[in-house]
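What follows is a set of structures for review.
Shared between the two complexes below is chain A, which has chain B as its partner in the first and chain C in the second.
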Partner chain A sequence: MTSASMMASAKGRLLPALTPLRFFVAAAVFHVLAWAALALDWRDAAHFAGGPGLTLAALHLATLGVASMAAFGATLQLLPVATRAPIGSVALANLSFWLLVPGVAVLTGGMAAQSAPTMIAGAALTGLAFALFAALTWRNLARAPTRDATIHFVQAALVALIVFVGLGAALALDGRFGFLDRHMGAARAHMTLAAFGFFGLLIAGFGAVLLPMFALASPPPQRAMTVVLGLIAAASAVAAMGLAAETGALALVGGVLGSVAAAAYVFVVERSLATRLRRTLGAEFRLVRASEAALIAAVLLGLALLAGAPVARGEALFGWLMISGWLLSFLTGVLQRILPFLTSMHVKDARGRTPLASTLAPRLPLDIHSACHFAAVLLVGLGIALDVSALVLAGALIGLCGAGAFVWFALAVVAHLKPQPAGQQGQKP
Partner chain B sequence: MRIRIGHGATARVWQAEDGLHIDVRGLAPPAPMVEILRLIEAPQPPDALTAHLDREPIYFYPELDARGWSYDIAARGDEGFALRLKRDAAA
Partner chain C sequence: MSFMRSTPRLLHDEHLATIATLDAVERVLLSRRGNPPSAGDVEAQRTIVKLSRLTEGEMLSHFDFEEQHLFPMLIERGDGGMTDVLSEEHDLLRETGQELIAASKAAAESGFTPESWRDYLRLCGEMVERMIGHIQKEEMALLPVLEDALDPDADAELAALHQG
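On to the complex of A and B.
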């Protein structure tokens, strides 16, 4: 027996193809919008220090539009594999998508238009999507018969999610009612918990499974992952508290912990990859390794800023390294493997077998995306550092081309899916 | 025989009357898939083996197809999942 007949039973463990894949395609579309918003605000982006406008919209299109979409899709499909328990309700998982897409669109539209009521409406929809996602994920964790390290990462990420979404809602309302004493402190704490607490923990937790899977390597040992988990959680919590209270010493301790956490994470991942069976790593690892370098650079710059180093436009550069250099590089790298991988589970080749995922992924758009992404991150970073707006514009336009190529790739992959009769769609795992 | 995996976890490998067996139950993903692949990509690989897993390895099948191995479910129950693997003649 080969995959042709066995996949019939295997599909019972998969969500319907479109449930995770629509999150990933939406992430690719929001990726385009993020670069477009940055290109439109090219004159002011280098001086961004918070506050509504196109740059804040670009930032949230990247974090909520790209990173959250990817995190929702990946978690809904991969968490049941780690927990060995079903996700619960495919309908509710789909509903979280239909809340998140308009939520992000309205919220970022309100930011771009500097409209507090629109931002509040978008934040409410986005908050509902996150609440539903958190409830689905928490219920899945509660049913898990195992306690793999990944599960603890997701639990800690959910705690960070609750706090950063609450802070985000307070910031949106503060734009209208002005009740926060330390708006910028709360905004910095919100960003820290979202980037390092939520996305950082999910990236580290799922990355410890996905990256060895892509490279056919042994996963990192549980003990090492527990140390990484403790460091990221402690760094995020301490830094967020210090930033919210505008207590420099506490924030600095958080920065030191964050630097150690980032170094530990990269060390543990690279040590795992050293055991790989695949001699030549795929192109996605160029993006993954660039993301590791950007993460280290971002936390070191953050540490310098917390220590009082006079770095011109340092906060904007820190945000750029963190969001574009680390998050977007990692996510687009991983998505270029997950998209064809999950699609392959729902299609058959000419011989009736499950095809290798690589055969579904067109190479050209991925090469264009990678080249554009690296050039864009570098140019915009230089534009911010040197205060040259033309470099920001050039980088944003190149990034826009790369994001367009990524949409091309995503659509080419999902085009392999053929409509099936309702009764043959994937079921609850 | 036990095979040391990565930085501590182990898979159990033994020879029985019906051939070679590998038990990867209890290992965190993707270690089960990787350890079976290590065995079939060894310098002197077996022609057949039985793998004992916690669950059906749905993401593993395309990798086996690509390496010219066929597979069949040998057992499925509360104790886990057994997969009989055989190298295709042409592989």
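On to the complex of A and C.
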């Protein structure tokens, strides 16, 4: 391979800046909407147990709006690096964004307005976006000359995606036509496969690469990652089958497996981080560590619920810990590192050099976001546990402020990408 | 991180030594803003000297070894995917290093003024961030590739070259 073709292949793996970054900015915007929807439904959120309304909309704004946007953007950019194969079509990658954004907006709008036809339309658009994403990802995996652990995580996540999107579409249609015998069982299976099967596998697979890289640590051993992969996949599948069929014993087995999987994942990540070359960890690790604690708390609570423990508002608290405590903490922690890093690869400073990522990212909004996020997760969690709606409202409003600060950060970073007048290339924006 | 081959292990050990110096720069110099250190501030003066030695000594020999011996070999084997990025970063780090050395030499003659100290700290911050990012790439990409690519003979030859 010549150095020219080598350079070409390296550039081929770096997508145009806006392709991944627009997903991340959209995730930041949906993050604001998720907290806003929760704040609007503050009186009822603590008693949420499924069904259309603002809390269901808030939940999907967080999962589809924030987590899926981040997952799409990260996968489209990181997977070609891991597989050493180009993504194939940037236009199709962009199309998946332009399907997902209106899809999530219409779907969650339909949920908030309790309109089954609107939900079906949104689900159709969102399903198309996921199908396109799955096809692009699958094709990339098929072209991969390497087979490292990350690739197997993505493959398993795609299987979970197919099932949870199918269940999601069925749930949306059931709201109109009422053909499912066990609507709540299907909804719980859909949530389990989406959260643990899809997002969980992507977080574990990419986290095993990204977190050691952020911390300058050894990546986890391949064998350990294979065990984590098997546990997460088995837990998601068994728990989803048990929940869908409303077979308590099977769901409980899934819960046990899920607890072991979560513990194994945290153990493997922390063992890797213990090998880091620098003692000091970046600020993003406060969010990553909080996400690990929330994950463990969520799976233990889920296990207790499956075992029949009488926990008042247990399902709402489980969902809160899983979505806000685990998923949102992890994703905002990782995004605050990825956004400036990716942007720095597409801009030059005043001297025509690659700028320092730290000069692209204002620190203040990130500090505001972290402080607000921790307070919000705690307050809303307490509000649900103690059934005090005022705490839910206070937490949601604080979370809204934090999400606003995160949008400020994201826009400040991507503003460096603005086109520059001819003759001033390389000028600092 | 553990390596079976001598060459990646030697490079890894140099990364560790570099990180120790950069940690000292962060702890001793960057954590204190405001006035420049006095001539009697032994820890600060020692850290400035260590950073100068790194940027005009160890860092340059590390980069030269990689560019002259490792990168051509990796490119020839088709494993050179990262070498253009790493070479570009070497150039940036050399440039920042030269500015740091110039600043510390000027200060050795006439001491730091508040303004020259601010500039020096800015350069220290740039060196720490760029170097840590660079070491991240080498640890995650270059050293594992070397570990796979080198046979025992090539490894022994390169290690001898590096130590020679």
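Here is the rule we go by: the second predicted complex is superposed on the first by the 405 of 429 C-alpha atoms of A that agree within 3 Å, B and C clash if a C-alpha of one lies under 4 Å from a C-alpha of the other, contacts with A are read in each partner's own complex, and residues count from 1 in each chain.
Going forward, contacts are C-beta pairs under 8 Å (C-beta built on N, C-alpha and C of every residue); 3 or more make two chains touch, one makes a residue touch a chain.
No experiment lies behind these values; they were computed from the predicted model shown.
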Contact-wise, after the overlay, does A:357 reach chain B, chain C, both or neither (first, second, both, neither)? both
Considering only touches as defined above, state whether A:275 meets chain B (first), chain C (second), both or neither. both
Between chain C and chain B, which one touches more residues of chain A when both complexes sit on the common chain A? B
Could you look at A:149 and tell me whether it touches chain B, chain C, both or neither (first, second, both, neither)? first
Partner chain in contact with A:195 - chain B first, chain C second, else both or neither: neither
Which of the two partners, first being chain B and second being chain C, lies in contact with A:218: first, second, both, or neither? both
A:112 in the overlay: touching chain B, chain C, both, or neither? Say first, second, both or neither. neither
With both complexes overlaid on chain A, does A:264 touch chain B (first), chain C (second), both or neither? neither
Do chain B and chain C land on any of the same chain A residues, and which? 1, 3, 6-7, 9-10, 84, 212-213, 216, 218-219, 275, 277, 353-354, 356-357
Contact set on chain C toward chain A in their complex: 1-2, 15-16, 19, 23, 26, 75, 78, 80-85, 88-89, 92, 95, 125-126, 129-130, 132-133, 135-136, 139-140
Under the touch definition given earlier, write down the residues of chain A that touch chain B in their complex. 1-3, 6-7, 9-11, 13-14, 81-82, 84, 148-150, 209, 212-213, 216-224, 271-272, 275, 277, 341, 344-345, 353-357
Considering only the defined contacts, which chain A positions touch chain C in the complex? 1, 3, 6-7, 9-10, 84, 212-213, 216, 218-219, 275, 277-280, 353-354, 356-358
Of all residues in chain B, which touch chain A in the complex? 5-9, 28-31, 33-35, 37-38, 41, 54-56, 58-59, 61-66, 70-73
